[in-house]
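Down below are the structures I want you to see.
The same chain A turns up in both complexes below, where it pairs with chain B and then with chain C.
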Partner chain A sequence: MSKYFANIYDTVNTLWTGMRITWRHMMNIKRDNVTLQYPEERWPRPERNIGFEHEDYNVIRSRLHVDIDDCIGCLKCERACPVDCIKIDTIKAPTRGEDIPDVKHTGETSNGTKKAMVVSRFTIDMSECCYCNLCTYPCPEECIFMVGGPNSSKHPIDYEFSEFDRTDLIYQFAKKLSPEQKDGLQNPKPEAEA
Partner chain B sequence: MTVDMLMDWFATIGDFPILSFLLAVVISGVPLFLVMALNAMVAVYVERKVSAFMMDRIGPMGQGPGLHAGKWGLLQTAADAVKLLVKEDTIPETSDKLLFKMAPFIIFIGAFLGLAAVPFSSVLQVADFNVGVFYIIAVGSIGVIGIVMAGWASNNKWSLYGAMRSAAQIISYEIPAGLSIIIPIMMAGTMNLQEMIHFQEGNVWGILPNWIIFNNPFTFIAFFIFFISAVAETNRTPFDIPEAESELVAGWMTEYSGFRWAVFFLSEYANMLVVSGLAVAGFLGGWQSPIPGMFDTGAWGLFWFMSKLIFLIFVMMWFRWTFPRLRVDQLMHVCWKVFIPIAMFNIFGVGIWKLIFG
Partner chain C sequence: MGVVKGDQMILNIGPQHPSTHGVLRLEVMTDGEIVSEIRPHLGYLHRCFEKHSENVTYEQVIPFTDRCDYLAAMNSNFGYVVAMEELMEIKVPERVDYIRIIMGELNRIASHLLALGVYGLDIGAFTPFLYMLRDRERILDMFEYTCGARLLYNYMWVGGVSHDLPKDFEKICIGFLDYFEPQIEEYNNLLTYNKIFVERTADVGVIPADVAVSYGVTGPNLRGSGVKWDVRKDEPYSIYDRFEFDVPVGDGHFGTLGDCFDRYWVRMLEIKESVKILRQALKDIPGGDVHQMLPKKIRPPKGSVYRRTESPRGDLGYYIMSDGTPTPYRVKMRSPAFTALSVLDEVSRGWMISDVIAILGSLDIVLGEIDR
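Coming up: the complex of A and B.
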């Protein structure tokens, strides 16, 4: 009989303890809240970089970016890509190392290399990209790189690039050329040659 | 009460007994339905927030333009309601279609009828029965028919399990609830809810308001037994074994979707309102002010009643987000071996108390 009442006392006691705990959490929600309102609030980004050395080789491999003005159209990154997500089309420039203002083509890269090719298409399908970073090593002009980390000065980090449509993940880096402009580059007029 | 007043008023205009009765019922029934709908909307929002805060989350939020749920997620329940209403209303191929379609409305009728006798203030009460307490207990039992119907008609083993559990649970817990609500009836000597509330005027023990819960130790215990049994009767956690998401998917509502499911939801929250209303009227002084003689005129009655009601509903939510679900055997143990003996002892104790002090 006393066990019966002891049980009841125990039940009431433990239930009250549990209710006190939830009450305390409810009252201290301002302090204890763990939810971040994502687009407005964000977790701090990890500080570590993409690098070759062991200590800075971890990684936010966030997104590929191409400085198209530096690209010489050598196709080395396209060949290096294990999943073939980089597609490059080039057209031979009429004169090596000369600006073509008509298609906003610059003749020289920032390293001073004279460009022989006009890049008419440079697309990276980021939905296929496996973030292996293999395309960045062969690039002779260091114009394709992962954003952020050591490249923060060239392009700020960006790892939030979700889209509503998959085709929006195909990034176009080359300047838009109209069919007439392409035609003009491929079949230069006789006066230009002369 | 509203119905009677409206009918008296219609009688002064002309002699159309049936028409005036129908009009009076519609005029007092529509606001009652609105109260139910509003209660469900607000209670769902509050429940989301309370549960979130107790779990250190912040619940539905939204700020700024676009598909956000309004400031602090205030539009969340509106969005939920729209979603439920435009959802496809599926009926299983092998179900008993007639019973399947009827069940939600039977449950709804039980909750709606119960709400008709809840005394929101000294005048705001749809029907002032002289057997109010008995009436609420009686129509409260209609719901279980709907639940068993829904479970059986779904032709689904989870639903049937849920329905059987629900029947066992509700029928069991009506006994301690009934035995406990007898105590206010014994104290006040009436089943009329208004007279019962009028009985609770004034002071007791010098400072406390003369609510039945404070009258003597037996009524104090009886309130808790009644309230916990009421939580069990509304099938809420920790007594939600008929729904038991982790075991039975959603119990007897597994096969329901869209509007029919929304009706279940509405009825669940309306049931909370009804049982809390009965607990407030029977034990917590109804629309009486907690400070006797102050703030007890006019609209204050409605204010005090709603405050007590909201507090009890909050406590139900507090229970829900604190306690884990009981097993079936534990549920039956609590009911038959703990609540019923204590409730009977309470009746005995109150009888002796009334003989000595009353």
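Coming up: the complex of A and C.
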């Protein structure tokens, strides 16, 4: 019988302890800690991300972006990708390091490397990407990177890149080449005729 | 007179059940409300980790190890890279060892916080779950600060780590620990000593030590049964032998040795030990370069290695076989959660259906790791 009452006493006592803690937290709640109805209303994009300084990030894992003018078509990122979401096609340029205005190809990267390849296709399927960041390290020109964070000077952060169609998540970075342009690059006309 | 047997009823728990911690289907044979047998059905999350590893290079395996135990991805990475370094006979710089241990212990705290919070949620206590996830969030913020990712890090690489710690990481981490240590007492007052919680867990689902050993149960589940076995202490890998910490074991605090409460309690004590390790590691972390031992191309010599490490769920082993090419010949992962699930049938026989949820929650399984 005494055990019965001791049990009840224990229960009430420990519950009271717990309720006191919850009550204290309820009193200390911040007034603006409420859920927003997300797509209709949203928080303003924060200046600082998670309480730490924005510039101090080592890296941020967001959307992949490619500065295609700097890409030399070395395929290193394609090989590094564990899920094969990067797909690159290249065509050999007629002369190394020369601009081809016809297909908007610049001959030199911003680091001064002469490009030997014209990148005819550079697609990243962000729906397959596993955000492992492995592709950004081997890049010799540092032209593939994840947007935002330490790279925000190159490209602002892209928090939400949701689309209605899955195919819209396949990002095309290379300039579109028409079949004639491709053909012209693959079989250059002899100079003597022109 | 023979034993009168009632009609058997088969009850399906899962695959989409919140307390199965993933996608697990339990086929529960019940006699009235008493469980007579449990058949777990696995494989809903099978992603061919082991076969897939044979087609990618050694460094590309690491993102896949993240996705096995997704609640403690740092520890999954840790096991793999330690095994690889043993195979390649690489000695990493001291700073890398310290960073790995800091990250591993932080992730152990995060994983245990989720395990304890969700356990409370399974039993019916909602508030502790919110508080524990709030604190886990701070750890994830620190991970995001360091390596950009919150859950699947790909942080530890063979021969180093992907990024050095940010410059004021030590200060932030110490600040977190100072904030966090009093919180443990609050969790205890809120959940651990709560009479209703104790009544639900104490004396329920007892795993005797010999049963636990014979099933190969490891980690907090084994220590909850009173067996003092911790890979960090008994077979130290990396530099765990330099730190002073205790291995908490269950002592039948409110009931029998090896019951659900003991397994819960061991996890709570382990968080305190992790805080202890973190303080020591943050105090004497040396400077240096974290990238100097990164091999240009990972091509281990022919041979094989088996290395086990202590993940938050127990004894996580990697068996890696190399044939001298850049892709592994075989990667086998020994999952601690798998053995923990295998003991469920024997333990929960004779208990009620509602106790099965309490037992399953106390085992702290992660289905991503079981199915791989």
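Just a few scattered comments:
Just so it is clear, the second predicted complex is superposed on the first by the 133 of 194 C-alpha atoms of A that agree within 3 Å, B and C clash if a C-alpha of one lies under 4 Å from a C-alpha of the other, contacts with A are read in each partner's own complex, and residues count from 1 in each chain.
The definition used in the following text is that contacts are C-beta pairs under 8 Å (C-beta built on N, C-alpha and C of every residue); 3 or more make two chains touch, one makes a residue touch a chain.
Computed from a prediction, not measured in an experiment: that's the story for all the values here.
Using the contact criterion defined above for the overlaid structures, shared-chain residue A:35 touches chain B, although it does not reach chain C. By the touch criterion stated above, A:6 is placed in contact with neither chain B nor chain C. Touch criterion met: A:22 reaches chain B and chain C at once.
Here chain B and chain C are compared by how many residues of chain A each touches, and C touches more. When the shared chain is aligned, chain C comes close enough to touch A:131, but chain B does not.
The residues of chain A shared by its contacts with chain B and with chain C are 15, 18, 21-22, 25. Against chain C, in their complex, chain A makes its touches with residues 7, 10-11, 13-15, 17-18, 21-22, 25, 50-52, 56-61, 80, 82, 130-134, 146, 149.
Partner chain B is touched in their complex by these residues of chain A: 8, 15, 18-19, 21-23, 25-26, 29, 32-35, 37, 40.
Residues 56, 59-64, 66-67, 127, 131, 141, 144-149, 152, 154, 162-164, 166-168, 172, 186, 189-191, 193-196 of chain C touch chain A in their complex.
Residues 50, 53-58, 61, 63, 318-319, 321-323, 338 of chain B are the ones touching chain A in the complex.
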